[in-house]
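Here chain A shows up in two complexes: once beside chain B, once beside chain C.
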Partner chain A sequence: MAAAGSLTSSSIPATPRNVLALRLAVAVFVLCVWEGLSRSGLFYGEVVPSLLAIFVSMGKLLIDPIFWRNLQVTMVETVASLAIGAGFGITVGIVLGANRFLMRAFEPVVYYLSPTPRIILFPVMIMWFGVGPGSKIALGALSAFFAIALSTAAGMRQIDPILIRVGRSFRANIWQMAFKIYLPAMRVPILNGIRLGMGTAIITVLLGETKLSNQGLGYMIMQIYTRFDMPGLYALLILVFVIAGGVNALIGHFACD
Partner chain B sequence: MSISEKTSLAQEPALVVDDVVKRFGRGTEIVTAVDHVSFTVRQGEFVSVIGPSGCGKSTLFNIIGGLLSDYEGAVKIGEERISAPHPAVGMVFQEESTFPWRTVIDNVAFPLELQGVAKSERMDRAHHFIDMVGLASFEKAFPSQLSGGMKQRVSIARILVSQPKILLMDEPFAALDEQTRLLLGDKITQIQQELNQTTLLITHNLTEAVQLSDRIVVMTYRPGQVKRIVDINLPRPRTSDVVGSDAFGHYVAEIWNDLREEASRGMADSESAASRRATHG
Partner chain C sequence: MAEAFLRRHTPELFGLATLLVCVLGFEALIRGGVVNRYIIPPPSDILLAFERVIVEENILARCRDTAFEMLVAGGASVLVGVPIGVLLYRSALWRRAMEDWIGALAAAPIVLAFPLFLVLFGRSPKTIIVMGFVHGLAPIILKTVEGLASTRPVLINVGRSLKMTQSQMFWKILLPSAMPIIFTGIRLSWTFVLITIVGIEYLINLGGVGQLINELAERYDLPGTYAGICFVILVSVLFFLALERVESWLQPGR
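Coming up: the complex of A and B.
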């Protein structure tokens, strides 16, 4: 069925080997274009530094204790905001998923507030929790909360009702219902919510750090930027993307066995 | 009830369904799903309730299982009126109901886990019943790796491990093909005879009911009333070979005679509802 003009038709089979080859080809192409632009001299100064310079900067970063200390700060902030956001999010999600009345009343609120820019609350958070990690954790927790609460509420409603009838027919008490039926049945949606929440928590924490802070990777990015150390900036950005992507992949792995 | 039944302690009914009525809806929209239904199930007896779709079979199942507490009349075990899930009643549902995140053995051990039975004893007892339903080599498998018939056997083992006085099944084989159904019927008969298990089966399948039962309660189409109770005097121990006997054919024909009228009323009802939807819709 290789119909001409079909949007989905493709003559190349999507085997793992072909997929990997395509990815490598695109990566090599992008790197070549980058290196070409860098050598062409079309840009001022070091706006597009050479790959070698970025690579050297990355090496320097990786042995710099300041990088590791800032990474640790950002990690702690992210994990703390995720823990707080997940705690509240799962609780609120279960309550919304279990109670039709509360769901009607509050789910639209959570739903429509979810994509609003939380960063505008940053000044408030700074006044409440200070310039240090506290304000970033608070803002990160707030942004993680919405994704996790919505995902948990949806997961709660998607549980196969027969499993709940089985639990009732075996006269499981409320704790046994919660820990032996509801939570295991909602494992995938909850982990998906945590993955989404983690993504927004990282974004929010880094954003907060670039705005106003005295430590963390976001702060470090702005420090390097003010020094106009472009190779260092690109090296740090690449590291941040790799770390964030790696963590997401790790949670995704748990979410779908 | 005859005099001999009254005097014999072994014939004391395990389950009494006494004048049960269940209505749904309110005002002019009231539907009577179960209408003054009475019958008993004796110890060790296999009774089937058969009727067309819409005869209130599933409502009756939920009432006896204690999942529907708001009804008139009484379902009694001993002197106790059922209004919540009763420990003496084990339910097997029509839908596939294994826990997908648990292995076969952990699924079967589930009721023992709720009761707080120690792990080694739990595993021993679960193993025994998994063996009984013929899944010994699949203990570590997850339900997603099993066929529909195997999953229903896991559900049945999960009920048997809790040793219910009364096994209550709602069309447990409805989703299976005819051959699997006959073979699983053999398994059920064998287990029932081995454990002398009192069983109440809700079904719309005529051959299944005759193959397995000592007595069959035939229900009418809406409102669901008892039309007739038929004794099945086929020899025990019984296997699916009985399906070929003259006596079997005789029972099937006799009960179909009762059922046909009810089933065609049900069909006429759903067809007129469909044509109303088609003309107004």
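Coming up: the complex of A and C.
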């Protein structure tokens, strides 16, 4: 029977062991369906390659120095774009969060521009910063900026006023207020903003590389696609998803601590 | 009355005035030769290019193409996502097992897999729609589960005391109660769908407004490119404003 105030069925209890078993069962089922489709002949062999072919490609990628060189380029571009985006985002967020007048004047602009498709600004970034890493870093920084600025501004408004009064009663100057009161009190919203900004920065940098570049993982994806090496494409996409998810989880872990 | 309006909206007017001063400043810097007009065209040229982009480049028809893709992908996300969310809500085991995976799907850079979708579905609007659909699915599933799970227990108990059937409970209590949160999911999902669709149009040079910006940039039509970008930003801002209005209409208490 369902519990009072809830309509969820409870024929099998959601214990951690059952959850793990179900996850494993789903994963095995998906892999079996994939392998079945691959061997069925319903698709061209290249479109749905066998799992073995994908794993072999992944192994080859992982021992290929070109993969690591391209990964390094993408990581450098992403970290640079995040550093620039976070620098501007946190500054703007603190200013908007601390001043009600400026918040009303400019926050709607930041808020409504934040969900627009940023990749369309890539032609502009190419004109401003060239076809090299500069345009990808600028686009990534722009993507990260909005999430970080909005999250910081919201965090700034949630600071306990008592902390601010304590700082003022100690006659803390503006820098002491920023580094001793505001930033420690906003650690979680800032880290959450950085996590969101990191996600959008990675995607934007990679998309920029797929569009116009001669290095980076995005460029590598396009190279593999041009060669129609489907197992390689699946393998590289899986690796990119794992790297993006891992970085996201790592920052999320710091935000939760 | 005008004075009261000015006093009430001073910050917003200050923001607009700042924006205007920036635009005029750029105009002066570009015309004065301080900023290269072959990198940033004068704002007045961009303004004039709007007419050309609308009339000659047929941007409204391209907007219609993008809107069609958006509607199909967004509609499919709702039609598939809400039932999946309901099924997950019904089973605590499935919900606990799958919620994290669906969350990971929402955060995954799916848009990067466009070469894969190009192979699977060809260089056609089908690819754009399927990618938009996949990217928009996760937020709706997650918010549907959240909305149904946050139904106040007292409402469910009232339904039980009235001896409602499972179907009546769903249509008369659970769904109306979860609707505001489900709509938040739809807003998030459609935001993802719009970003994905315009992005893919631009990347593979196919379809509506994304393709137009790519074409204008490849022709090195700078005022046209900037005007196209401004147009897309304007349309997406209006789209989000409209979604927000509907959302706040559904949640009058918030």
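Rule of thumb we're sticking to: the second predicted complex is superposed on the first by the 240 of 257 C-alpha atoms of A that agree within 3 Å, B and C clash if a C-alpha of one lies under 4 Å from a C-alpha of the other, contacts with A are read in each partner's own complex, and residues count from 1 in each chain.
Here is the rule we use: contacts are C-beta pairs under 8 Å (C-beta built on N, C-alpha and C of every residue); 3 or more make two chains touch, one makes a residue touch a chain.
As the structure is a prediction and not an experimental result, all values here were calculated from the model.
Aligning the two structures on chain A places chain B and chain C side by side, free of any clash. With both structures placed on the common chain, the touch criterion links A:G59 to neither chain B nor chain C.
Across the overlaid complexes, the C-alpha centre of chain A sees chain B and chain C at an angle of 90°, to the nearest 10.
Contacts of A:V109 after superposition on the shared chain: chain C is touched, whereas chain B is not. When both complexes are overlaid on chain A, the residue A:K180 reaches chain B alone and has no touch with chain C.
Once chain A of one complex is fitted onto chain A of the other, the partner contacts of A:L163 are limited to chain B, with no touch recorded for chain C.
By the touch criterion defined above, A:G36 lies against neither chain B nor chain C after alignment on the C-alpha atoms of chain A.
When the two complexes are overlaid, the chain among chain B and chain C that reaches more residues of chain A is C.
By the touch criterion defined above, A:G130 reaches neither chain B nor chain C. Once the two complexes are laid over each other on the shared chain, residue contacts for A:A172 go to chain B alone; chain C is not touched. Between chain B and chain C, the smallest C-alpha to C-alpha distance in the superposed model amounts to 16 Å.
On chain A, the positions that touch chain C within their shared complex are 4-10, 12-14, 18-19, 22-23, 26, 47, 100-106, 108-109, 112-113, 115-117, 119-124, 126-128, 199, 202-203, 206-207, 210-211, 218, 221-222, 224-225, 228, 230, 233-234, 237, 240-241, 244-245, 248. On the side of chain A, the complex with chain B involves touching residues 160, 162-163, 165-166, 168-172, 176, 180-181, 184-185, 187.
Chain B contributes residues 65-67, 84-85, 87, 90-91, 93, 95-97, 99, 101-102, 110-111, 113-114, 162 to its touches with chain A in the complex. On chain C, the positions that touch chain A within their shared complex are 10-12, 14-15, 18-19, 39-40, 89-98, 101, 104, 107-109, 111-116, 118-120, 149, 153-154, 156-157, 166, 169, 174, 191, 194-195, 198-199, 202-203, 210, 213-214, 216-217, 222, 225-226, 228-229, 232-233, 236-237, 240-241.
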